[in-house]
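Labels A, B, C, D, E and F are assigned to the chains in the order they are written; within every chain, residues are numbered from 1.
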Amino acid sequence: MTRGFYIGRFQPYHEGHHRMVEEIAEEVDELVLGIGSAGDSHTVHDPFTAGERIMMITKALVDLDLVTYPVPIEDLERNSVWVSHVRSMSPRFDVAYSNNPLVIQLFEEAGVEVRQSDMFNREELEGSAVRERMIEGEDWRSLVPAPVAEVIDEIDGIQRLQRVARSDTNDG
Amino acid sequence: MTRGFYIGRFQPYHEGHHRMVEEIAEEVDELVLGIGSAGDSHTVHDPFTAGERIMMITKALVDLDLVTYPVPIEDLERNSVWVSHVRSMSPRFDVAYSNNPLVIQLFEEAGVEVRQSDMFNREELEGSAVRERMIEGEDWRSLVPAPVAEVIDEIDGIQRLQRVARSDTNDG
Amino acid sequence: MTRGFYIGRFQPYHEGHHRMVEEIAEEVDELVLGIGSAGDSHTVHDPFTAGERIMMITKALVDLDLVTYPVPIEDLERNSVWVSHVRSMSPRFDVAYSNNPLVIQLFEEAGVEVRQSDMFNREELEGSAVRERMIEGEDWRSLVPAPVAEVIDEIDGIQRLQRVARSDTNDG
Amino acid sequence: MTRGFYIGRFQPYHEGHHRMVEEIAEEVDELVLGIGSAGDSHTVHDPFTAGERIMMITKALVDLDLVTYPVPIEDLERNSVWVSHVRSMSPRFDVAYSNNPLVIQLFEEAGVEVRQSDMFNREELEGSAVRERMIEGEDWRSLVPAPVAEVIDEIDGIQRLQRVARSDTNDG
Amino acid sequence: MTRGFYIGRFQPYHEGHHRMVEEIAEEVDELVLGIGSAGDSHTVHDPFTAGERIMMITKALVDLDLVTYPVPIEDLERNSVWVSHVRSMSPRFDVAYSNNPLVIQLFEEAGVEVRQSDMFNREELEGSAVRERMIEGEDWRSLVPAPVAEVIDEIDGIQRLQRVARSDTNDG
Amino acid sequence: MTRGFYIGRFQPYHEGHHRMVEEIAEEVDELVLGIGSAGDSHTVHDPFTAGERIMMITKALVDLDLVTYPVPIEDLERNSVWVSHVRSMSPRFDVAYSNNPLVIQLFEEAGVEVRQSDMFNREELEGSAVRERMIEGEDWRSLVPAPVAEVIDEIDGIQRLQRVARSDTNDG
């Protein structure tokens, strides 16, 4: 039995993440999805709560033939203990998946195997692109799995994001 | 669709918790299991990490016909914001299950419906009884679901608990 | 112009505190009431929120001929910076009033004048006595100023305290 | 009896804030002034301590015929619990005043009535304008109530702000 | 070159610690002394600041033929990341010395070699004995190296400890 | 006996710092080197852990005829208590050395003597220059004492810094 670990902020969980999970599913029996910056919400960078992101992931993965564990990971603001923190919050895993150079560095210093994928970079860029479209009122539904769009609609997510986007410009 | 929320520390997840979940399963379609004090571990009161407790719960509930979400909840050490914190970490829920007077008070002040059960008290007492037996080297396996015992064996959980129990007496 | 500083948890603000304020009022022109452990609430030791304690103090002092500033002081859990923290949260003051040996020690190490009063000890003991009576359903109204009793009634404070008191006995 | 809540950082309390308070005074009997980012000080964005800001507000409002409560609110760095935190620190209020989209969003998600005013935007912009003038040695006294200028003079506030402004450029 | 790590709270650094260091000195070339609970001070359990404890250790070890590094370690209140935290604060070390069961457990789970000594228990007990004598006004000087007594005298340490000891009894 | 205090982040300890220490050595008998932002590591701004920086400083100063204490200082994110925090972590000092306007302001408000030097500015600028060269693969060894280069080589510091530098560009 092999268990993988895949970390992201999932703001929101989009097609790029979904393709990654499908690719990883071919290599592992079970997959932990670490929901990073779990305590953050209601900002342009992190609009959705951890609970909302658990819903997105659970619903999007319901038909995938893979045991998955969505696990919120709160920030400790201290890179040197990050791997220990992740390990204490997550079921044990054998291999981590990431293309983020900091994440790779931290896992490797701790002796954890990391696998990369060309797909990651594209996926990362899509995160801010999706939020940008949400703010601008452009089409974002085609970039996320259908159940994710339902969750976002239920929580009035677009209005929330559009509002907090206006906050950033008049702080004074 | 009704979703319930059931909070506990699950140190470890034992038969008392399991009977509660089975009882709740008759009233709800989905159940969030909030894993309290998620950041605590390696003490007599809280020997297991959040990740280990997720494993216990997931394996113990695999055959139950109920959608469950085990969600670690880190302490914020501030009762006045506890309900908001729980809500942000958890999928939305309609009703909370607890017999703990503080939890009931906090949920009710926040306008959340709480249901109690006579079973809770017994279940709470069992938590420390199980840990006591583990420390004393007595039979504890009969008090937890079989998959939980497997998880505890895999992580050498009894040795860990017995060791930290000796720490409490010589603080210096 | 002399401004004094008087720290307490005010759980609740009672007649002992009130007599102290009246005594201090003879020595200063203005008085800051530092509300300690401002983040704590819903426990036997600290049942009321900072906001509720501000209400108690404000209403109890409305007829006193003294400019008062009730200022919540959150705990930093670090004695060595406590005086700096208090000073940053409070209007400047010339003299501190306390009979608590730790508070006296910290202020004196920081070069702040501290004045003591025989009245303090009695007042401190009254705090837990008032909460004990509230829990036991005995008369507590005679121990607090009338406007404080009104605030406690409005927020259903007795029920809250009685409930959380039951939590302490079954933690498991 | 209606009590309002008006949140700001008040760095410093200026004429824009003052006009807002006067406008709100026509709608409420009592007003809580929440002093945001209460733990921050000695930066270009937040030069004054919470205690200094309490002094500014208290002195500026002494002649206004309105019961006011200046209440420091420390940041919890977690939007999802912000409303609960504010409520625990503040006397109960019936309506919040803000033009900040994030604040509006958070209060509305929590079911609190929010009133906006065209005046807010102008007032927010004035905050950084006042600090800019202080740094550049230009006239800032005409932008704040006279008692606020006295507080700032007493604490050598201009020198402090000018110094910390120089820190931002050589961090190295 | 072998570097050891020896953790303690050193409240204060006493003859029991000193004998341990002398024993360890025969096995290692360099020794890190981790000063635990570095942020705590002014309590009966932890009367001295980290800076004061650095002074005690440095002066007591000045004549020992061993390279030593006294390193304050602040508590993170999270056992699962404690080893990573210690490692990030300390120069790299090859072996840890401890008789504390929790410390041993945490280091061993992280794959760090731990050496124990019969001497430890005695040393740990001496810590509270020294503080007890200080509080009671009995002889404590014979239990600590002479330079440690000098540091304690310079900072009026006995008065501080005696005062905070009185605080514990009237919390109210 | 005069003891000085010199604060820096020492990311890494370089020739500019070294010249400063040599200059200060002419004025004091002992010197505390406060290692700021001690909890930060693995970022472009703060690549090295506190433990690694202690090693750099200790090895670089081994031949200097001056008693030195390298002391990690974790951030408290609160300027108003920073001086108290520093004082609690450090052996007592008589004079602080800094050219940073914020540091000077905070020490002066707390009544601590601060000495400046024209050398500081140049030294501060060198910090980011050294890291820039490390990232770009240019010569950095000539800018740091030889023992510092050895420490950085031992911990594969250049690879770490180059990797985390790539993280900053694809956050999404």
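Going forward, a contact is a pair of C-beta atoms (placed from the backbone, for glycine too) under 8 Å apart; a residue touches a chain by one contact, two chains touch by 3 or more.
A quick note: this is a predicted structure, and the numbers were derived from the prediction, not measured.
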(request) Tell me which chains count as touching both chain A and chain E. (result) B, F
(request) Spell out the chains that contact chain E while also contacting chain F. (result) A, C
(request) Fit chain B onto chain C over the CA trace and report the rotation angle, somewhere between 0 and 180 degrees, nearest 5. (result) 120
(message) Under the over-half criterion for shared residue numbers, do copies chain C and chain D use the same patch or different patches to meet?
(response) same
(message) As a quick test, compute the distance in whole Å between the mean CA positions of chain B and chain D.
(response) 42
(request) Mind checking the centre-to-centre distance between chain D and chain F? Centres are C-alpha means, answer in whole Å. (result) 36
(message) Residues of chain A that contact two or more other chains, please.
(response) 39, 41, 49, 78, 80, 87-88
(message) For this structure, enumerate the chain pairs that meet the touch criterion.
(response) A-B, A-D, A-E, A-F, B-C, B-D, B-E, C-D, C-E, C-F, D-F, E-F
(request) Going by the contact rule at the top, pick out the chain C residues touching chain D in the complex. (result) 38-39, 41, 49-52, 54-55, 58, 69, 71-72, 74, 87-92
(request) Spell out the residues on chain F that touch chain A in their complex, using ranges where they run on. (result) 39-43, 49, 160, 163-167, 170-172
(message) Per the contact definition, I'd like the list of chain C residues that touch chain E in the complex.
(response) 9, 77-80, 100-106, 109, 121, 123-128
(request) Could you please specify the touching residues of chain D with respect to chain B in the complex? (result) 76, 78, 80-81, 83-85, 87-88
